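Order of writing sets the chain letters: A, B, C, D, E, F, G, H, I and J. Residues in each chain are counted from 1.
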Amino acid sequence: MAISEISTKFLAAKKAKGLSFADLEAKLGYDEVWIASVLYRQASASEEEATKIVEALGMGSEFVEYLTECPMKGGLDPLVPTDPLIYRFYEIMQVYGVPVKAVVHEKFGDGIMSAIDFSIDVEREENPKGDRVKVIMCGKFLPYKKW
Amino acid sequence: MAISEISTKFLAAKKAKGLSFADLEAKLGYDEVWIASVLYRQASASEEEATKIVEALGMGSEFVEYLTECPMKGGLDPLVPTDPLIYRFYEIMQVYGVPVKAVVHEKFGDGIMSAIDFSIDVEREENPKGDRVKVIMCGKFLPYKKW
Amino acid sequence: MAISEISTKFLAAKKAKGLSFADLEAKLGYDEVWIASVLYRQASASEEEATKIVEALGMGSEFVEYLTECPMKGGLDPLVPTDPLIYRFYEIMQVYGVPVKAVVHEKFGDGIMSAIDFSIDVEREENPKGDRVKVIMCGKFLPYKKW
Amino acid sequence: MAISEISTKFLAAKKAKGLSFADLEAKLGYDEVWIASVLYRQASASEEEATKIVEALGMGSEFVEYLTECPMKGGLDPLVPTDPLIYRFYEIMQVYGVPVKAVVHEKFGDGIMSAIDFSIDVEREENPKGDRVKVIMCGKFLPYKKW
Amino acid sequence: MAISEISTKFLAAKKAKGLSFADLEAKLGYDEVWIASVLYRQASASEEEATKIVEALGMGSEFVEYLTECPMKGGLDPLVPTDPLIYRFYEIMQVYGVPVKAVVHEKFGDGIMSAIDFSIDVEREENPKGDRVKVIMCGKFLPYKKW
Amino acid sequence: MAISEISTKFLAAKKAKGLSFADLEAKLGYDEVWIASVLYRQASASEEEATKIVEALGMGSEFVEYLTECPMKGGLDPLVPTDPLIYRFYEIMQVYGVPVKAVVHEKFGDGIMSAIDFSIDVEREENPKGDRVKVIMCGKFLPYKKW
Amino acid sequence: MAISEISTKFLAAKKAKGLSFADLEAKLGYDEVWIASVLYRQASASEEEATKIVEALGMGSEFVEYLTECPMKGGLDPLVPTDPLIYRFYEIMQVYGVPVKAVVHEKFGDGIMSAIDFSIDVEREENPKGDRVKVIMCGKFLPYKKW
Amino acid sequence: MAISEISTKFLAAKKAKGLSFADLEAKLGYDEVWIASVLYRQASASEEEATKIVEALGMGSEFVEYLTECPMKGGLDPLVPTDPLIYRFYEIMQVYGVPVKAVVHEKFGDGIMSAIDFSIDVEREENPKGDRVKVIMCGKFLPYKKW
Amino acid sequence: MAISEISTKFLAAKKAKGLSFADLEAKLGYDEVWIASVLYRQASASEEEATKIVEALGMGSEFVEYLTECPMKGGLDPLVPTDPLIYRFYEIMQVYGVPVKAVVHEKFGDGIMSAIDFSIDVEREENPKGDRVKVIMCGKFLPYKKW
Amino acid sequence: MAISEISTKFLAAKKAKGLSFADLEAKLGYDEVWIASVLYRQASASEEEATKIVEALGMGSEFVEYLTECPMKGGLDPLVPTDPLIYRFYEIMQVYGVPVKAVVHEKFGDGIMSAIDFSIDVEREENPKGDRVKVIMCGKFLPYKKW
């Protein structure tokens, strides 16, 4: 994913302010992954949310509208991503996709986990053998409609 | 992913026994997703684990060795999966991959979440507006070695 | 999409009975496209629905369970389908995808039309210059969750 | 689909005027999706239509000719689109493509729904459980010529 | 394109009878390319047409229904065909596609040549420097509908 | 195919002169599709031909050399083109490629239609049910050499 | 390229006879690469040539017709071949394709080396530093037709 | 392959000097294809060779270093090239790759023709029926090491 | 890579004998990876080597010839492998390919590491923090020939 | 992989200083491949490491921060690389991937060689028959977690 020009400006402002996404979460009360998604133009904010974010970054109000637009989402290139951190999610899907599907169907019936009515969190889990990354995805179960 | 012939036999035995993966978890003490991964031949079991699983499924001991072999993993076809439930994981990677990468790097430095020293759980979260699927991934953080 | 062996049996029974999908709709009260989706193993039926369908096709009750299973969906091969009728849907997405996205966002805000809480109907619209195919898609609008 | 430079100018003018596509539909009497297709350079307008659109956007007449040119259509990249809203149309084709094909052939014989002598509308359907997006495609049935 | 089993039978019957497609054209009054398309299951015949073809091939009437079915069309694999004769059509599209598009738009306006209301003929043109293959495509011009 | 900068200049000059490709054919005596191929840099002209074309477009003689260069041909992107008019040629190859191959082999033996010693013409065929696009391809038959 | 069943039979007969392709060349007077192409079903033989080849392999005359059929050619899978010997030809095209194109155009003008009116030979060139493989391709230059 | 900016400068200098690659071969004593490969940045020259080439092109000595760098080679895009002259090499590999492999193995054993210890020449072979392009590839046979 | 039928037989014999590849190395004096490559039909053995291997596996001499044939090598499917262990080699190439290229060119000049005059070894390196896999590749440097 | 603008600056500084990666290794005590990875933005350095590298290259301290950022890694384009030196690693994976997997599993059990807790070295091995490139990969064995 080429980082868009506008995202680059937001990230530069954030860096200049010396703020981490966790700092923004603490300051604004929104989750850090969601804030990152807004700045990388993968999610849109309301006027109010955008104003708060822009202010926290010390940017002018003319930047608000860039965060309220519904972005063209996705765009990782190539289709199978080459960055090792991001690829691991592809690998997890390749290896555990079918087993997870089987378990979801047993627990919920035919349907899916929504990726829209959805949140994703990243936590650091301390562990004497080496800390662990915890990624928690939580999406509404959507049963298939019959008609 | 074409389900392999040997997996089909294990799944048929499980169905004949009327067991869900959750039943197997309750019975054997292993996580249901991991058990599913073993039966779909995405993970390997030790001799002892395989023996317990095979017995729980009411199958003969000649099936044990199929579960201890290190399988050729992955194999979803095509590269971008078409099953909607599995595709959502691809979509999450497309949309949230870069934001999650940014947050992980801020929290841990340069490195990745292991997909090997890793577990994945599926839970049903009750919710009055519709129950939710919770997928918890937990992998060791691996910092890049410098040399 | 290779038509699966089990679908082939259902379609052969339907042909032997001389029933169209419209006949099945009239008989069973389910939409013809949905019934076709079940027989092509793109959708799953409840035990009751499956029993009625199997009976309507004059098949034995041992076929019921094949229709209640949650199928691995999709599977058109190659990724860009070559059948002209099916390709036209790909072309519509290529040509009208971005304009439709813009209009949906203006009408509903950031989110998507669900393809799960979703129905699709096919109608014949009479027209002196040549009858028209009307395809009506109707899916719940799902707004992006913020968190 | 990279939005072309010329489209960006039309969209900026529309934004500056504070007009939605629905407003343009109300004002000009053309469907909002079609107008969006013209501005995104997926459809061409006649001199008269282009003049009206350009005027409605408050732009100079030198922009008329850009809307009358027959554009190079399509161009979503990659072949399987990553934007979730647009992807759902791909998914619908993957899951329901073959069942719809079967129903169309039963209703009309061998042929296709035209994607050229074709219209597509987007409507908001109110629903107490959550409003729904209705997409109505209507294309002339074209029977295969024999010769 | 894997030649289907049923096509193989029709082609074997044709070979056993010692008939060329040109012979079938002479005998039945249908174009040889169209007859070939029916036998390769790229086109469907009416009951009457199918009966005549099956009889000409000296096959039993149980084969008629195979030719009346609406086939899943296309299916050349890979997407860029490797057979040199077929590839040349791909090359022609690559090299002359845009110039032909420009000329069609000048001659007809925005729209396409139908590939459905369409015929294709192959002729041998005698030429002292080496005979030439003449391929004549003729499809109805379909102007884009506006709405 | 991204239209090259130099082609854009030629097309702009042609537009400024108000000339269609048919006008250029009438004026210069070369086929309009070939002239378009030269301007889109898919074919090369001799010095004399290039000079005539450049003059007809009212351009300076410094543009002659751009038309005499042997261009890098093709370049439609993606491999399966998305523009509906151009795609139809891909579809024709998918659906009729194998039947045409069979007929060519019966008429000529093993070999191909040359795409080099080749011409392609576009004609408008009047027809009360709607005019038709006629595309005539004519290439030397090249038999496979044996050695 | 999956070696076809019929090729496998020819190759087995050749092996049983203990004949190399060079032996067949010596015996029949055709080039060894061409004979190999016929047996791998990439080229077709005349009735007379096929009869001689079949006899040389000690096979029954019922095999003659398999060698006279015009085969579906190519079919290496995947598009970029993985066998190292065959891949080197792909690499040569990648590295030297453009320079060779430039030299051919300077020597011959705009056109191509035919791959149909074409022969390819493989020779062993003795060399004290290690023998060399010499591959000689020789195809008729085909100049682009103008029309 | 996008021709790099630096290559464009070398080619412009060559054109300004009115030199063909054959002229450069005559002048410098290196093969014309190799010189072309150096200018297209597919091969690197020694300081001495680069100096001679740069001088022959009448360019300043600051251009020498560009020719001595080890370039990133290949880069034809897409993977299956669309330029007809270059594609023919792909076709030859598709059609004759397996037969050539069989003959090389019979002549040399298991191994490959090197594409590194390798030369490629282009010659014009006069022929009354039309001159022929002769491409001679000559690479060291590399037997597979066993260990 | 689908494991071929013949490889499956060799691997079954090896399993029945209870032999690891390390055991075969100890017994036969060939490297274990090379032996594995022969059994997976990625490398060919001499008659003598094949005989020894077949005997060590307790198989009949009719299996010798399968190991002396020059195999069609490679064949991992898809092009980007999904098995995590094998994928890591792809990832290493993606991340370290360009840096390694730069270092090799500085150390050796323009050329490559041969993958034919090449050996690859796998060793277990003991380490208190967790044992390490050591993969040692060693290939002859091949400088580019100039001509 | 397009070399990024910032990498180009670092490489230019290195060239201006006349330093090889081996010189940098000697000077800084870090491995030359790792240093190259940092400069090509495939690895990140600590503030201290970056400062040393930047100083060694004679660049201003404003360049330090570019080397401490966690880069988006990988990015070779296309998925199957065309540069011959880099491709050989792809080929090694294609040919030896499965045999190496089998040996690793026998030596270590189910798991992988880490590509993160990993080092890669390039050495020149002198050899009378031609020096050899030795590439030593060493990664922690990561056994699959069970849960």
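Heads up, the rule we're going with is that a residue touches a chain if its C-beta (ideal position, glycine included) is under 8 Å from a C-beta of that chain, and two chains touch if they have at least 3 such contacts.
Listed by chain with UniProt protein names: A, B, C, D, E, F, G, H, I, J = Cyanate hydratase.
Please read these numbers as outputs of a predicted model, since none were measured by experiment.
Under the touch definition stated at the top, chain C and chain F share these contacting partners: D, E. Note on chain placement: the centre of chain F and the centre of chain H lie 29 Å apart, centres being C-alpha means. Averaged C-alpha coordinates put the centre of chain A at 54 Å from the centre of chain G. The centroid of the Cα atoms in chain G and the matching centroid in chain H are 22 Å apart.
The multi-chain contact residues of chain E, meaning those touching 2 or more other chains, are 1, 43, 72-76, 78-85, 87, 91, 94-95, 101, 105, 111-112, 114-116, 118, 142.
Applying the touch definition to all chain combinations yields A-B, A-C, A-D, A-I, A-J, B-C, B-D, B-I, B-J, C-D, C-E, C-F, D-E, D-F, E-F, E-G, E-H, F-G, F-H, G-H, G-I, G-J, H-I, H-J, I-J.
Listed in rising order, the residues of chain F touching chain C in the complex are 80, 82, 84, 87, 91, 94-95. On the chain G side of its complex with chain H, the touching residues are 1, 3, 20-22, 32-33, 36-37, 39-40, 42-43, 73-76, 79-81, 83-86, 88-108, 111-115, 118, 120, 122, 124-125, 127, 129-142. Partner chain G is touched in their complex by these residues of chain E: 1, 78, 80-85, 87.
If you check the complex, the residues on chain F that touch chain G are 30-31, 34, 43-45, 49, 70, 72, 101, 105, 109-112, 114, 116-119, 121, 142-147. By the touch rule above, chain D contacts chain F in their complex via residues 72-79, 115-116.
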